[in-house]
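What follows is a short report on a single structure.
To keep things simple, chains are lettered A, B, C, D, E, F, G, H, I and J as they appear, and every chain counts its residues starting from 1.
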Amino acid sequence: MLFLVRMDVQVPQHLPADTFEAIKAREKAYAEDLQRQGKWQALYRVVGEYANYSVFDVESNDELHALLSALPLFPYMKLHVTPLAKHPSSIR
Amino acid sequence: MLFLVRMDVQVPQHLPADTFEAIKAREKAYAEDLQRQGKWQALYRVVGEYANYSVFDVESNDELHALLSALPLFPYMKLHVTPLAKHPSSIR
Amino acid sequence: MLFLVRMDVQVPQHLPADTFEAIKAREKAYAEDLQRQGKWQALYRVVGEYANYSVFDVESNDELHALLSALPLFPYMKLHVTPLAKHPSSIR
Amino acid sequence: MLFLVRMDVQVPQHLPADTFEAIKAREKAYAEDLQRQGKWQALYRVVGEYANYSVFDVESNDELHALLSALPLFPYMKLHVTPLAKHPSSIR
Amino acid sequence: MLFLVRMDVQVPQHLPADTFEAIKAREKAYAEDLQRQGKWQALYRVVGEYANYSVFDVESNDELHALLSALPLFPYMKLHVTPLAKHPSSIR
Amino acid sequence: MLFLVRMDVQVPQHLPADTFEAIKAREKAYAEDLQRQGKWQALYRVVGEYANYSVFDVESNDELHALLSALPLFPYMKLHVTPLAKHPSSIR
Amino acid sequence: MLFLVRMDVQVPQHLPADTFEAIKAREKAYAEDLQRQGKWQALYRVVGEYANYSVFDVESNDELHALLSALPLFPYMKLHVTPLAKHPSSIR
Amino acid sequence: MLFLVRMDVQVPQHLPADTFEAIKAREKAYAEDLQRQGKWQALYRVVGEYANYSVFDVESNDELHALLSALPLFPYMKLHVTPLAKHPSSIR
Amino acid sequence: MLFLVRMDVQVPQHLPADTFEAIKAREKAYAEDLQRQGKWQALYRVVGEYANYSVFDVESNDELHALLSALPLFPYMKLHVTPLAKHPSSIR
Amino acid sequence: MLFLVRMDVQVPQHLPADTFEAIKAREKAYAEDLQRQGKWQALYRVVGEYANYSVFDVESNDELHALLSALPLFPYMKLHVTPLAKHPSSIR
């Protein structure tokens, strides 16, 4: 079951730079792991913005919320989720 | 080069139903053809809406505009294009 | 799997009144049937508006889109879907 | 009398983490108590967001405002209230 | 129980002028009657717009929706309802 | 001459709690005084929000701005003013 | 007492061209007359739009609404009114 | 003096196709002529939309409004004008 | 050449009160000087808001930007500029 | 391949003034260098705002994102990118 997710990172002003770098390193490892599992199907940078569009493939809404709220950057991001369905003209 | 495109269809009130069905049939053929060519990489229905999110893979902005403005439904859709770049955490 | 759906009816100006009444009668029968099946879990009127908030309980995004796009009023409504997850403080 | 309420939590940056955890614990107890009383009829997490949609069943606008403004998280949330009426197609 | 209601009239282009005048005459009679009953507590014109702000005093959400959806101009208006509570600094 | 005013309080994060309580006490006294003078004709709490809708009855725009900008909470509020006129269907 | 008014003309599609020209001629005469009376103090075209910003000088909200709703183009315009007060740094 | 102008064409539904084609031909000739005069300095298509961003170089606001309101497509477009100034980091 | 400018002051929370008062005093002197020169043609307070609408009369976009960016309050304001042209119904 | 980019600078409140000046000096050098290379084709100040509209000429979305995210002011700006295509009426 697919979902489009837009994530906008809002860099916290008061966080020490190395703390934020450590969070970003954990985020990268977490994202790569979910991609290898096939749950985070696509991950694109929005040109010119500290933001991404992603496609997730999960079993349920609950699983998606669990995955997203465990993102190391979750407290510093604004997320918006759009549920997707099969399109009748899609050949996949 | 990837682009995310959202398309919202606005069904024309004054168009005869069979004319509109004919346009939709041409749209479907056109969409399937571009998917087979690898230019229309992904096509998802937005749940509950007469709308889709699509990913296009093209050589240039001009090619993308040519593809989109040739959509049989183009006169009856509102489109919004977001340019995408490689994300540093993407494993693809 | 639960989804909140807001539906805003936009009465078509050119439709004969009895045609529209017939569509609304089919909509009512359809809504009551889905409620009896447990798929349309809740249906509330928004005070002062020709609109409703509804809760659907379905197996997948595809099932939800199939149910919504089959609404007799679908061509005359603007829909917005919000996926819901279990809340940690919910006692249900 | 039913109301749909959307609550968006805005985590205060300057609050010590354990103070905020204590507030959330009180919020959880408060929410569970109101649910047991039947006043907080439904409580759903919005997928991917630190937000919920809730349905309240109260005697009056004044009672609803009293319940909401007593939420331990009230100073850290943005709330929006929509009054609901019985829908003619609801079978409840 | 008080509610603030904003009503914006959208004059239908296809309605004959005398039909619309007849609807407005019924609207006026209906509004005056509800004011005399004390249910439509205040009715103000928004300067420069074909719109009003009104205060209603009703027993329930259901009563308010019944009153509003029976407005002769209801099919030609956009309404927005805001529930009001007693303010601690109000001396009334 | 009547005006509808919406006021949204934005609690300052850096203000000591007792300083803010003192400002609110002065606000309450000021609001009660203007109500007794008949200038602040109505004051309603918006359900679920730290906000109010008010009706002012003043001689001029300048008088209204003087009254509003002297509110003790003025530096901590977002205000929006809508001028009102007599409605032809009002029986007052 | 001054008010800033923005007016956006929405040309009616179904009106015969000469009917609309006649309305515009009456609008021009009306506007010039109010300017000569000193009530319509300033009238500016918004560059690139069929819209204007105007300053009115009137005795009351009721007078302003009477003047605006008598505009020959009133049924074909969207108006927005902002009440103005004397600025402490204005030297007028 | 430079201005950025965004133009969105809204194709009129009731206009015969050949009438609209004739207007577009006049628009093209007009646009090419103003470009040759150096007044319409740049003209770009927005990818995926029936819209353009343009840069105009004119002597005054009045000249710009005269040029824009004389566009054959002016009655069928929504325009937005942004005045531009020399940027201190521009090397031109 | 006329421009309408809306300025919204956003009082900086961290600035000492007397520093801000000194900036406001310089702003007032600057505004009065430009008014005397005829460049700042009109200056109105928006009722209920820490904001103004102003009309500037300048030779060019560059001159306007130079005047606005030299405002002592410039770093603490949000500005929006609308270019104005002569209106055909203006009698000035 | 052309892109229109709007950049809005949001001056960080906590940054020491000379640190910010140093960043701006590096930004200026960077902008001038990219202009000389022909990649940053045009750079305009938005009148009255700490913002610019720019036109970039790049080989790909990835190159554009690399150029933009390397801007010394990138962490302090909000950017929005619009892909541009050749316009059929452009004579360039």
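In this section, a contact is a pair of C-beta atoms (placed from the backbone, for glycine too) under 8 Å apart; a residue touches a chain by one contact, two chains touch by 3 or more.
A quick note: this is a predicted structure, and the numbers were derived from the prediction, not measured.
**Q** Using the touch definition from the top, list the chains contacting both chain F and chain I.
**A** The common neighbours are G.
**Q** Looking only at C-beta pairs in contact, point me to the busier pair out of E-F and C-E.
**A** Most contacts of the two pairs: E-F.
**Q** Among I-J, C-D or E-F, where does the F-I interface recur, judging by over half of the contact pairs matching in residue number?
**A** I-J
**Q** For chain F and chain H, let me know how many angstrom lie between their CA-based centres, rounded off.
**A** Centre separation, chain F to chain H: 45 Å.
**Q** How many angstrom lie between the CA centroids of chain H and chain J, rounded to a whole number?
**A** 23
**Q** Could you tell me which residues belong to chain F and also touch two or more other chains?
**A** Those would be 2-3, 45, 47, 61, 64-65, 81, 83-86.
**Q** Of all possible chain pairs, which ones touch?
**A** Contacting pairs: A-B, A-C, A-D, A-J, B-C, B-H, B-J, C-D, C-E, D-E, D-F, E-F, E-G, F-G, F-I, G-H, G-I, H-I, H-J, I-J.
**Q** Can you list the chain C residues touching chain A in their complex?
**A** The touching residues are 1-3, 60-62, 64-66, 81, 83-86.
**Q** Applying the document's contact rule, which stretches of chain G touch chain H when the two form their complex?
**A** Residue positions touching the partner: 11, 13, 45, 47-49.
**Q** Report the residues of chain A in contact with chain B in the complex, numbered from low to high.
**A** Within the complex, chain A contacts chain B at residues 2, 4, 27-28, 31-32, 35-36, 42-47, 52-53, 55, 82-92.
**Q** Which chain F residues qualify as touching chain I in the complex?
**A** Residue positions touching the partner: 3, 5, 12, 14, 61, 64-65, 68-69, 75, 79-81.
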